[in-house]
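Down below are the structures I want you to see.
You will see two complexes here that share chain A, one where it goes with chain B and one where it goes with chain C.
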Partner chain A sequence: MRYLARRSAHAVLLLLAISVFSFALLQWAPGSFFDSMRLDPRISSQTVSGMRAEYGIDRPFVVRYARWLSSMLKGEMGFSFAYGTSVGPLLCVRARNTLLLTSSATLLAWLLAIPIGIWGAASKGTWGDRACGMTMSALLTIPDLLLALILLLLAVRTGWFPVGGMVSAGVGGVDFWSRVADVARHLILPALGLALATLPILVRHIRSAMIDALESPFIGAARGHGIPRARLLFRYALPAASNPLISLFGFSIATMLSASVIIEVVLSWPGLGPLMVQAILARDVYVVIGVVMLSSVFLVAGNLVSDVLLFMSDPRIRVE
Partner chain B sequence: MGESILRKPGAVCLFAVIVCAFCTMSGRAAQRKEDLMVTKNAPGRFGGSITVAVRSDPKTLNPVLAVDEATREIIDCMNADLIHINRETQQTEPALAKSWSVSRDGRTYTLRLRSGVRFSDGQPFTADDVVFSFELYLDEKIHSSQRDLLIIGGKPISVEKIDDYTVRFQLAQPYAAAERIFDGLAILPRHLLENAYKNGTFAQSWSVSTPAGEFAGLGPFRLKEYVPGQHIALERNPYYWKADLQGCRLPYIDELVFLFVPSEDAQVIRFQAGDTDLLSRFSAQNFAVLQRGQAAKGYKLEDLGPGLEYNFLFFNLDNLADKNLPEIARKQVWFRDVRFRQAVSAAIDREGIVRLVYNGRATPLWSQVTPGNRMWVDASLAHPPQSLDRARELLKNAGFSWNSAGNLMDSHNQSVEFSILTSSSNAERTKMATLIQADLAQLGMNVHVVSLDFGAMVDRLLNSFDYEAAMMGLASGDADPTAEMNVWLSSGGTHLWDLTESKPATPWETQMDQLMNQQLVTMNYVQRKHLYDQVQEIVAQDLPVICLASPHILIGAKDRIGNFHPAILAPYALWNVDELYVQ
Partner chain C sequence: MKRRYKLWATFAVLAGFHAAILFAGFLAPYSFSAQDRDAPYAPPSRIHFFDSHGTFHARPFVYGMKDDPENYGTYRVDFQQIYPLRFFVTGAPYKIAGLLASRTHCFGTAPGHVFLMGTDGYGRDQFSRLLYGGQISLAAGWIAAAFSILFGAIIGGLAGFYGGWLDDILMRGGELFLALPWLYFLFAVRAALPLQVAQWQVFLLLVVVIGLIGWARPARLIRGIVMSAKERNFVTAARAFGASDAYLLRRHVLPQAYGVMLTQMTLLVPQYILAEVTLTFLGLGVGEPMPSWGSLLASLQQYYVLASYWWMFLPTVLLIPVFLTYYAAADALQERVKSVAL
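Coming up: the complex of A and B.
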């Protein structure tokens, strides 16, 4: 319990530091939301100045940060200049969509990576292992953007998958299961793209952890006792290799979140990514900070969960 | 039991009294015959839906607070104005005001409203709604971006209810484009928004999270469903006030869906995939791509010619006395010399820009008014082709010379070198800057193209003035010159080449100020046109901005869409959405 409390306190401090850093960076970035309004010949500079004053853009940095922090505590997460509303509700719906995508992709990536990694370790040095290693290296070199574009091309050329979005227009009136099926159909390509983006790293780590475990003396002893291969791999070697994999779980969430921005934008998935890109371009600073903070929360929470799992699974950490 | 009560004579009388009282209370407005506007379109077929892609979610559904293009496009389908600009003819036409009259001094406009018209929630529309709406637009605390349109002669226009169906607008001075200011100003339901306004919560009302049942408008559609990040669906307004020649109430389609597709390329892909029915605002490159599958995929493409957008190059003429920018201030000696600007203009190959940047789907420009603006373009303006000889002659006259390596040198023997800022998000302007770089290299000028994020670029143009030259494009929403007042008046907020002026810095700017102010109060079109022609001549001659090209408005539509008459004024394909139908 003390361990959990200590790790949670670290997480809060980390989030606070991220908030100060991102707030400062965005305040110093050139341009503001209202500058592009000044290029509209129909809007006078007096009107724009009035808006700037109304939204407190001209107030000192510390005052703006304090106001933002207090709105964070109220759950409003600041104010969007573009939407004229609190950032919290704006992010809520999109965060749900991003979570659906990243959790599906994480599940898919791990479901693929564990058998591939174990198989690679068990058949180390064989022709199949080398082919798998080369495929993973090739996949690792493909930028996320290119991967997303390839999937988009696949959707356009074949017509097998929707070319964007999360639901088909007009699906609102149909029954619950048809809507679930529709979302699932739209989810296939983005989830596959995201899973493929993280798969090579997962496979490499799982393979190397399994090789270490398989080469350890107790596995040799177990093998000597004639324990069947499958049981040896899944019952003995895999739990022994799980420590680095649990840490990798936290890391994979960070990778998923960064890759999801690109995948969401290219495949028009209505998550946090497109909202953040639009907010950056429009200089809607509190939306950007909100997305950064929410992504940081996901990341910190993922790491916290992996730390706790590690704590529970490894007696050595408990002793420390 | 009900039957036995009604059989009693006393009860029948009581019932009749209640019915009469109810009818009286529901007001004269509800009893008046509905004054439908009959359109001239070919009668269409009822039913079906049309899907369109827009770049982003609507930021609000409150017409008073809307600023960005995507939001306005959606809101305009749910609301109506008093007087409307017909996008095809570019002239005003009656809308919620069925007619109007102007006083002799040009300062009083009396508008007669359609009677019997209802909002999309069934409540009657009256002059009270008009007065209330203008109160909102004019309230300084609300910061409506449309407020500036309603300030005439430095004073806000005043509105007064004469009777339930007549309103009077009072202007501080005669205003040539007075009828046009009503276009796009949505009339809002007082019965739904008055409380929010009185409570000071109007800025939060009609946000994107407001339930559909709390909206009501006078447009052809009303809100059905909004799914953040995905789509907004609008349904047919059963009380809409327009009918076709057969007397059938418009609109024809049951549903209009806007998909949120953030990039142009993704919009093109979804149009090709059949997810959307209409496509506008796409590049000439994508037009060429779409042309290949035109017949097979059942859509048509149209090149409507130049719109109102004009792209230009301009030099930094700001007063930099209190800025620490000595290098730019040194170069301003060249930029301020009209012969230097004329030489740059003469050296630019506009036809090459049209050919190479826009695949021929643009029109070269020598002033700010494009040929698409039929009413105001100065057809007599000269269109000199690229001439390097003329450019060299002008530079020589301005005291420039060339060294042995062919580099252009100023009178202080400094080589002529400057940078052009462009926005990295606008590929066409970056390409134009690169072509200009090559053109000017032939004159011995060393030009650098600096591509910046749009926000960073705008910050340099408007705040720090840390730039030498820049590429920009402007497009006012209306063809009338008054929409451009802030660009051409020396005190205007969009007077990009010199934002530090409080009064004209040059004689030609003095003249331009006079002409623009004069055309504003001249009621005769021919006289106004003559004045604005002179402004165009000054722009072409003194070159505060060097106009380059106007991209064509390119539109795509499925063959099944009927009554499709796209126009060069926004919203290009949806301006007659109430008349569109699915064949």
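Coming up: the complex of A and C.
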């Protein structure tokens, strides 16, 4: 319990530091949303400075940060100039979509990676293992961008999958289950792309962790007792290998988040990535900060969860 | 022996790639911004030795193209026009590494055109743009990686050498950078930069930013090595002879981390090339007409380009061997550094 409290406090401090850092960076950045208005002869300079005053851009840094922090706590997360609403609800929808995408991709990636990794470790050195290793290195070198483009090409050329978006037009009235099926159909390609982008790293780590576990003496002893191979692999070796895999889970969230930006943009999944790119081009500062903060929260939360899981699964950490 | 062979082989291949990119002006038949308005989205030219009558030509040649009257926007091979390939032809002036001015190109055709990888929507030669684009992308990767390593070495060196509260502060800062979702953060930093500034300024700012975000991982590794390196006997001996801290760090401690720095460098370069490519693809990096590997791909965002012009994919497909060699080099280096340390 004390461990959990300490880790959470650490996470909160980390998030605070990230918020100060990104806020400062974007506040001192040259240019603002109102700059293009200033060039417009139809808008008087009084109007522009009035708007700046209304949004509090001319206030000192500390005041702005304090106001932003309080609006953050209220869930508004600042004000979007381009959308004319508070950022919170705007981000909420997008974050839900990104979470849907990343969590299904994480599930898919681990469901694929664990059998492949275990199989690779069990048949280490055979041709199958080597071919699998080569495929994984090849997959690792394919940039996420190319992967996304290839999937998009697949969708455009074959017509088996919807090209971009999350729901089909005119699906609003239909019953709940067909709507779920519709979203799932749209989800296939982005989730597949994201899973393939993270798969090679996962397989490599799972394989090496399993090999380490399989080479340890207690497995030899268990084998000597005549325990069947499948039971040896899943009941004996896998739990012993799970330790590094749990921390890998935390790291894989970071990779997922970074890869999801490009996949969302290319495959037009309405998540945080496209929102971020548009916000940057419009200099919509609070949306940018909001996205950075949200993704940091996901990342820190993922690491926290993996730390807690590690704490529960490994008694050695508990003793410390 | 075999290990050594692998290291040098990957280095040789990498050197070849970089030389090709450096001598882009010589190898590319056209300039990166030369447009052939009559040939937008022209397919790659095939190089032939036998003409349509089956006669053998010792000098390879390409056929001319004419518009396909049935299909607007596509081309047909014009078997009447034969353009022999010439080597060391005089063409558009260029400079190698900004110094060596020349007009001689490796190959080209005097009348007509040779497009090894087809053209883009403005009729610019993709092959030339790939080579020139590599100059931007590779330079971005290398400079950014150098920044990361330099920063990492300074911070990791100080933290490891002095320890105590300095170590605590620096490494906590590093944790902050490791916890950031780096691509989002890179975007945020890009948002902080003005959108309309000169191309080379955008390039420099981006590179510095990409490099500065990534200092934490090398810093951690270097700190670990410095911490054990400063306890070595010869370091203690040098200290007893009255060597200053700066001298110790520079001459005795940091050199022990060179292997790790080099390995990290080869790992970071492809990663940073990808970062630059991603940013430019999204329109946040270096803009037209300067080519980078990212802007070569940007036109694929349009569905009709994606679906009908397969050669627009060629540049990325060729990136894969470059990355593969980089990873192989990092692998070989890692093994070597380990075997030296043991």
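Keep this in mind: the second predicted complex is superposed on the first by the 311 of 320 C-alpha atoms of A that agree within 3 Å, B and C clash if a C-alpha of one lies under 4 Å from a C-alpha of the other, contacts with A are read in each partner's own complex, and residues count from 1 in each chain.
Here is the rule we go by: contacts are C-beta pairs under 8 Å (C-beta built on N, C-alpha and C of every residue); 3 or more make two chains touch, one makes a residue touch a chain.
If you're wondering where the values come from, they're calculated on a predicted model, not measured in any experiment.
Look at A:277: by the touch rule set out above, it reaches both chain B and chain C. In the superposed model, A:43 makes contact with chain B only, not with chain C.
In the superposition on chain A, contact is made by A:167 with chain B only, not with chain C.
Look at A:262: by the touch rule set out above, it reaches chain C but stays clear of chain B. In the superposed model, A:25 makes contact with chain C only, not with chain B.
Applying the stated contact rule after C-alpha superposition, one finds that A:85 touches chain B and leaves chain C untouched.
In the superposition on chain A, A:237 makes contact with neither chain B nor chain C. Contacts of A:93 after superposition on the shared chain: chain B is touched, whereas chain C is not. When the two structures are aligned on the shared chain, A:288 is found in touch with chain C, with no touch to chain B.
On chain A, the surface patch touched by chain B in one complex and by chain C in the other comprises residues 29-31, 152, 156, 163, 265-266, 277, 281, 283.
Across the interface of their complex, chain B is touched by residues 29-32, 35-45, 47-48, 50-51, 54, 80, 82-85, 89-90, 93-94, 97, 152, 155-156, 159, 162-167, 169-170, 172, 265-266, 268, 270-271, 274-275, 277-278, 281-283 of chain A.
Those residues of chain C lying in contact with chain A across their complex are 175-176, 179-185, 187-195, 274, 277-278, 281-284, 297, 300-301, 303, 306-307, 313, 316-317, 319-320, 323-324, 327. Chain A meets chain C in the complex at residues 14, 17-18, 21-22, 25-26, 28-31, 137-138, 140-146, 149, 152-153, 156-157, 163, 254, 257-258, 261-262, 265-266, 272, 276-277, 279-281, 283, 285, 288-289, 291-292, 295-296, 298-300, 303.
The residues of chain B lying in touch with chain A in their complex are 49, 51, 56, 59-60, 62, 65, 67-68, 140, 143, 145-149, 151, 203-204, 207-209, 225, 227-231, 233, 255, 257, 259-263, 266, 269-270, 272-273, 275, 425, 453-460, 462-464, 472, 474, 476-477, 483-487, 492-494.
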